[in-house]
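Note that chain A is present in both complexes that follow, paired respectively with chain B and with chain C.
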Partner chain A sequence: MSLPSVTATLLQSGGALPEWTALAPTLALALTALALLLVDSISPETKNNALLAGTTAVGSFVSLAFSGWYLAAGTGQSGTGGEIVLYGEALVVDGMYLFFSAIFASVAAMVAIASYDYLAGKEYQGEFYALTMLAATGMTLMASANSLASAFVALELASLPSYALVAFLKKNKGSVEAGLKYFLIGALSSAIFVFGISLVYAVTGSLLFSDVAEALGETELVGVAGVGVLMIAGGFAFKTASVPFHFWAPEAYEGAPAPISGFLSSASKAAGFAVAFRVFVEAFSLSAIPEGINWVILFQILAVVTMTLGNFAAATQDTVKRMLAYSSIGQAGYVLIGLAALAGGASSQNGDVMGAAMAHLFVYGFMNTGAFLFIALTEHWGIGRTFEDFNGLASKAPMACAAMALFMFSLAGLPVGGGFFSKYFLFANAVFAGFWWLAALGAINSALSLFYYSRVVKAMWIEDATSEFEIRSKPVGLYAGIMIAAVGTFLLLPAFGPIIETAQTAASALFGA
Partner chain B sequence: MNPWIAIGALAVMGVGIPLGMMAVSAILRPSVPEQGKSAIYESGEIPTGTTRIRFNIQYYMVALLFVIFDIETVLIFPWTVIYRSALESGVGLGKVLFPMLLFIGILTMPLVWAWRNGAVEWVKSPRATSRKVEGES
Partner chain C sequence: MIIEILIAFTLVAALATFFAPDRVSGKLAFALSLVPVVGSLYMWSLFDASGNALLQGSQVAFETNMPWISLGGYEIAWHVGLDGISLPLFVLTTVLTSLAIVSAWTPIDTRASQFYGLMLFMEASLLGVFSALDFFAWFVFWEAVLVPMYFLIGVWGGPRRKYAAIKFFVYTNVASLAMFIGFMALVFALGDSVTSLGLPEIAQATRAGEVGSYFGLGAGAIKTVAFAAMFVGFGVKVPIAPFHTWLPDAHVEAPTPVSVMLAGVLLKMGTYALLRFNFTMLPDVAAQYAIIIAVFAVVSVIYGAFLALAQQDLKRIVAYSSVSSMGYVILGLVAYTLYGVGGATFQMVAHGLISGLMFMTVGVIYNTTHTRMVGDMSGLADRMPVTVGILVAAAFGYMGLPLMAGFAAEFFIFVGSFGSQTLPFAPLFTALAMFGIVVVAGYLLFAMQRTLFGPFRLETDYTVGPAPLHDKLPIAVLLLLVIALGVAPELFWGMILDAVEPVLETGGGA
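What follows is the complex of A and B.
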């Protein structure tokens, strides 16, 4: 009798399932989007939010289950024959794709559950969920892109629904303004990105990552290639809300419906990092790239500037949602260490530090989405936006405020949630890789961030209420979303071991090729 | 001789002849300003109103739907060319026909959605409606 794990290791490579099923996490999200469009076609005016949110959540959970199953079964990983390459090498399924798909699916599920209340009574609900699912599909494709062309198309598939979602509250000036700003900066950075791709193609004659790496090693057009690499890095800086393309983030996150802010700042950011990791490690591999193009220094500068700017700007904000937006820029700076603390040659530290960055994104997906869902809850109740408006809220809604305190402390890196270990591993691995100064700057910024994160907690728990709250209801969906995020954040503290192991194995496989 | 000289000469002639013709006719012709000459030309109709009117935003939706299916045609065309020879050389129907049906199916789904949500339903312009009411009364 064979053990389940033995039969499972042969899922795709042994012929138990056809090869295309390796993309099941993406396909589940895409089919959910089509199903939602179908529902919306049958009854365009439907306000049956339970059906729509339920379908979205189920689809996300199915996608998450596929990712988890494949990760456990070893699909596309070194144990079972390595990565699975599909569609003329346009897409690749490996540990990293599955890891990031799990992040996107869990964030999408939380957003869908919370939107059940947030969207109650609003128009165009079917479109909202369909666009969310399409964006999530694009994000998983970004994580699996194996050529610059599919990376660009996937990036657009993730971006275009996001623009519409940010401007979803059509009658709300802030939402429309945020959507327009996001769209304009997005269009500009997409143009820069695709221009960079064309330059790299001009130099290397290929769009496939492996061919690009090979051709870059022998090229004489170092200058053109360098400009191309720089422009492509700019495109990723937009998607991850890093300096210098971070301007859209505070506006878009503040104006967008709060669940969408959570979706963008967690899942969309992680997607940007997923594709950036793969492009820079595989296509612009440090071992093959000419001496003149040292992108590690570029990311070192970007990491330091992004985390410092994000944290200092967050410390000066008056409104909580905007503070969270700037803090998410600061967090992007920490994750950039995953690209900044790399060294040439086959160092095993490379995989470790990038894996730590991936694990941080995983934890971040829960704690940051949770924080924005709490903002969604306060918007649902009609509580104001500033820190003072939150004064004494804990006396009325202790459960939600306890969860919010957990998110804040975990984001700051205190040992109450998974954020502690993810930051610790990120900085520790940067030190091991020889970049102690990056880790030191990260730790200083992290200490500063405790100041503004604890302001929220202080307002909620310590200050007395300045005005009466009119809390009429306890919305089930929003509470459920926040609680899933809280339980996830908390459980990732004891269960961080498997996460970091999976992430570091996946990242090492990327370097091992 | 440098072949670019011929192209340069063609460019000089191409720009020079029309400019020269306009200059010569401007010198020779008498100037008779007249209102009919400066009026908007609407195929012989008497012009009504100005050009600064609002277009219906629906043109944009129709154009968007058109672009999608225009590109679909471009992708279907090479498929039709290889379809028969692929079947004759023994590639199964599932591999030749099914992916294209899936592709068209995926594109049809949003079309149905757009149709049901009123993208191709022609809204009556408020101006036309008001004029009609005025005419009846």
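What follows is the complex of A and C.
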């Protein structure tokens, strides 16, 4: 028997291993968080950054390895008996959970490695890593939530550590202000979200996605249910930094420590999409929901407004970090096409377009995290924040600037990285699904985005230095994190095939295809 | 397999050079770039393809075809291979890159390793453009070429380099978008008759009349729209007047070796793509609008030549004359005769060598005199006899002196276009285009007379003497190649005809 088939028999539902082992990607992250807390309680105030960052990175890699292994072995997928439902149907392990867990774990690993230098000499290091791991745990749970209750709890588990992490530089006014803004908007949107859940529960009498879908098909309280769906959509708009709950994002990303900005804008955004995809496909399934609640139109509007607003705002920024923040709002607009280009009925296009959105999030995890880690590197060097401050940087740090140019061009959709394929596939699948106008608006926005992404590249490589850089050191951890992101971004160009196939299979499974 | 090895080697070489120390990078890049040269010449000696890679009954050389990704109902493959049209351009790319790298040794003195790394990166992308037989694989390389070119102009260019770089980038990127939309419309209109984005499958389906209606447009309208979008998209790259305005800026600001690559190879991407896409896939549309296309061609020839006549900067003269020369290529293509299309393909190679030679020689002179203005200097022949000798030879090559590559190419094109059955009033268009040669001779002779001959005059505070050997060697090699190809066009002509012939079969005309 080959290795995949051995593991398949071990892991499928009713296999040799207990079913809870299917949650290993989450458990690895949670145990790492506990281990970090243990270290911190044995020796509080420890500055043993290597141990802390190393533990975090290893934990993330273990989680990533589990996700990759399970995906290859077919755990929770149609080939080996389908999804594995755990804990009274509160959680579910399927292709989508594993795919998103791989995103969270790879982003967390890069952030942890880069934080080794970023945190050097700062206080509360143990807490930093533990909170990061707890947030990552929450994100994986968001991807596996199978009921509105577990979705809400997971969302809070991911959010609360994030608030603290944004305000981590507690002596820095910007960081604290960003944390407070993030927290206030987060609390508001959580309240809206949970109120939406209560309305849906009032109508359907259940929190489980499958039961909700069934009950919604027969309900007469269409208005109440519609308001509930709308409010739940609002909660996701907050988590994915989409219009109209995007205001926190530029503030939080700019004020937060740069590795955390990368973590939030890549992993946390992906987590928001993971749970949104599942809730709207399974609980508010288009084939069951009353005709009055047409959430596809809602997401079409959100997608168009989010991508346009994000892009135009990004084009007018003066500081690089803030430009990246707005561009990440624009990118969320593209991913929303995954929900906006859906159609009722069992169309195979649905799975394809959502899968393309997931694949874009995967590639985005590398290129966007890499870009923020580069910002972390410049902050470490004490370089200013505006485009002009980056002038001529490439002559001092060619390797890091080459990586940053790769991230920028890949984000813009030029074929030097996986972002080229992921964007073209997303737009092409929107066209196949019949939403050519969404693809056209996306393409126009994407063409515009080249303007502001290339500004960074132009400043670093083409402009002459306006100020003297004092680059005292080449921090190993930050460089390693950036290089992992760069190599990943580049390799995802030739190796995009398996990613898109996995994503589309996982998404199709969600539609019951 | 050898194509992948060469592309991968060049990419790795680019990376190695990029991070090498500045002082050795020029020689390292040259040494590494010899591998693709030897490889491509070896491929030329082994070449055994027959027919056109896109059309039925062909045998493609060095072919690899393996599944890569699937996009909806379309398979995307890693499909590369060469036929008689692409192999000459493949060889041109490797040879010209190596020579351009040597010609950079003198002028490039800052951030040298990055310069050579980008040159090699561009070479790898160009090799991909000319060998890819799958649309997405081809498009990846097509777009990837833009990135190194943007930096090469933007970092090492002249005073207005930033403007020139961004103009080049925006023009060609918008053009790519137009081309992409046109091509995808064509693919969608083919409906179920194609299951992949392989260029051969699409070309054969369109020629077999499988284009249906799409998006409320009939088959004829779709084909016209697709043809127009792709013509504009590729026309910017060629460039065809009136889409040429990015070119003089880019050329004037770019450092010499980059101008060499731009004129020698990058412009050929446009004509190559026109031949592969427009004229191979949609011959009936090309025939239908032959007059309009021929007008574009003749206007490019004449207008480009007159613009060149009005210039004072030697580099601008050569840049505008490229617009003129590319007009001949379009004329040859639209004629749809064996000699017309074959001559156009031959002209791509011949003009690649000759314009590369002109830019390089002007660059050698500039290295010494630090000016390119015709009015600033005279009598250079006294001070740098070898370089001036080569420049004179190159200029005569440009004018179409027999036994040089340009003569063979233009002769083929005119023979082909004169007898065209597809193009109405073909003799008239040919005669008008031939008038361009007179203008070329005019401005080149005028510029040479003023700068090279007569008493020496150049107000400088530095001595003007002979150029160093490593400046003279690449132009001498290029001149030899130009003569070799003029004396023995058969080196490429046979394989070009063999690959061109199937294109004409349903194109009407003989």
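Throughout what follows, the second predicted complex is superposed on the first by the 500 of 513 C-alpha atoms of A that agree within 3 Å, B and C clash if a C-alpha of one lies under 4 Å from a C-alpha of the other, contacts with A are read in each partner's own complex, and residues count from 1 in each chain.
As a convention for this text, contacts are C-beta pairs under 8 Å (C-beta built on N, C-alpha and C of every residue); 3 or more make two chains touch, one makes a residue touch a chain.
Only a predicted model underlies this, so the values are computations on that prediction, with no experimental measurement involved.
**Student:** Figure out whether A:V227 sits in contact with chain B (first) or chain C (second), or with both, or with neither.
**Tutor:** The answer is neither, since A:V227 touches no partner chain.
**Student:** Determine, under the contact definition given at the top, whether A:A164 touches first (chain B), second (chain C), both, or neither.
**Tutor:** In the superposed model, A:A164 contacts neither chain B nor chain C.
**Student:** Which chain, chain B or chain C, ends up touching more residues of chain A in the combined arrangement?
**Tutor:** Comparing touch counts on chain A for chain B and chain C gives C.
**Student:** Have a look at where A:I462 lands relative to chain B and chain C in the superposition and call it first, second, both or neither.
**Tutor:** second
**Student:** Between chain B (first) and chain C (second), which does A:S41 come into contact with in this model arrangement: first, second, both, or neither?
**Tutor:** The answer is first: A:S41 touches chain B but not chain C.
**Student:** Thinking of the overlay built on chain A, is A:A480 touched by chain B (first), by chain C (second), by both, or by neither?
**Tutor:** So A:A480 meets neither chain B nor chain C here.
**Student:** So, A:L298: does it touch chain B (first), chain C (second), both, or neither?
**Tutor:** The answer is neither, since A:L298 touches no partner chain.
**Student:** Can you pull the chain A residues that chain B and chain C both touch?
**Tutor:** In chain A, nothing is touched by chain B and also by chain C.
**Student:** Show which residues of chain A lie in contact with chain B when the two form their complex.
**Tutor:** That would be residues 34, 37-38, 40-42, 44 of chain A.
**Student:** Residue numbers of chain C touching chain A in their complex, please.
**Tutor:** Those in contact with chain A are residues 18-19, 68-73, 111, 114, 139-141, 143-144, 146-147, 150-151, 154-155, 161-162, 165-166, 169, 173-174, 177, 184, 188.
**Student:** Hey, which residues of chain A end up touching chain C in the complex?
**Tutor:** 349, 352, 394-395, 398-399, 402, 409, 414-416, 420-421, 425, 428-429, 431-432, 443, 447, 450, 454, 458, 461-463, 493, 496-497, 500-501
**Student:** Considering only the defined contacts, which chain B positions touch chain A in the complex?
**Tutor:** Listed in rising order, the residues are 106, 109-110, 112-113, 115-118.
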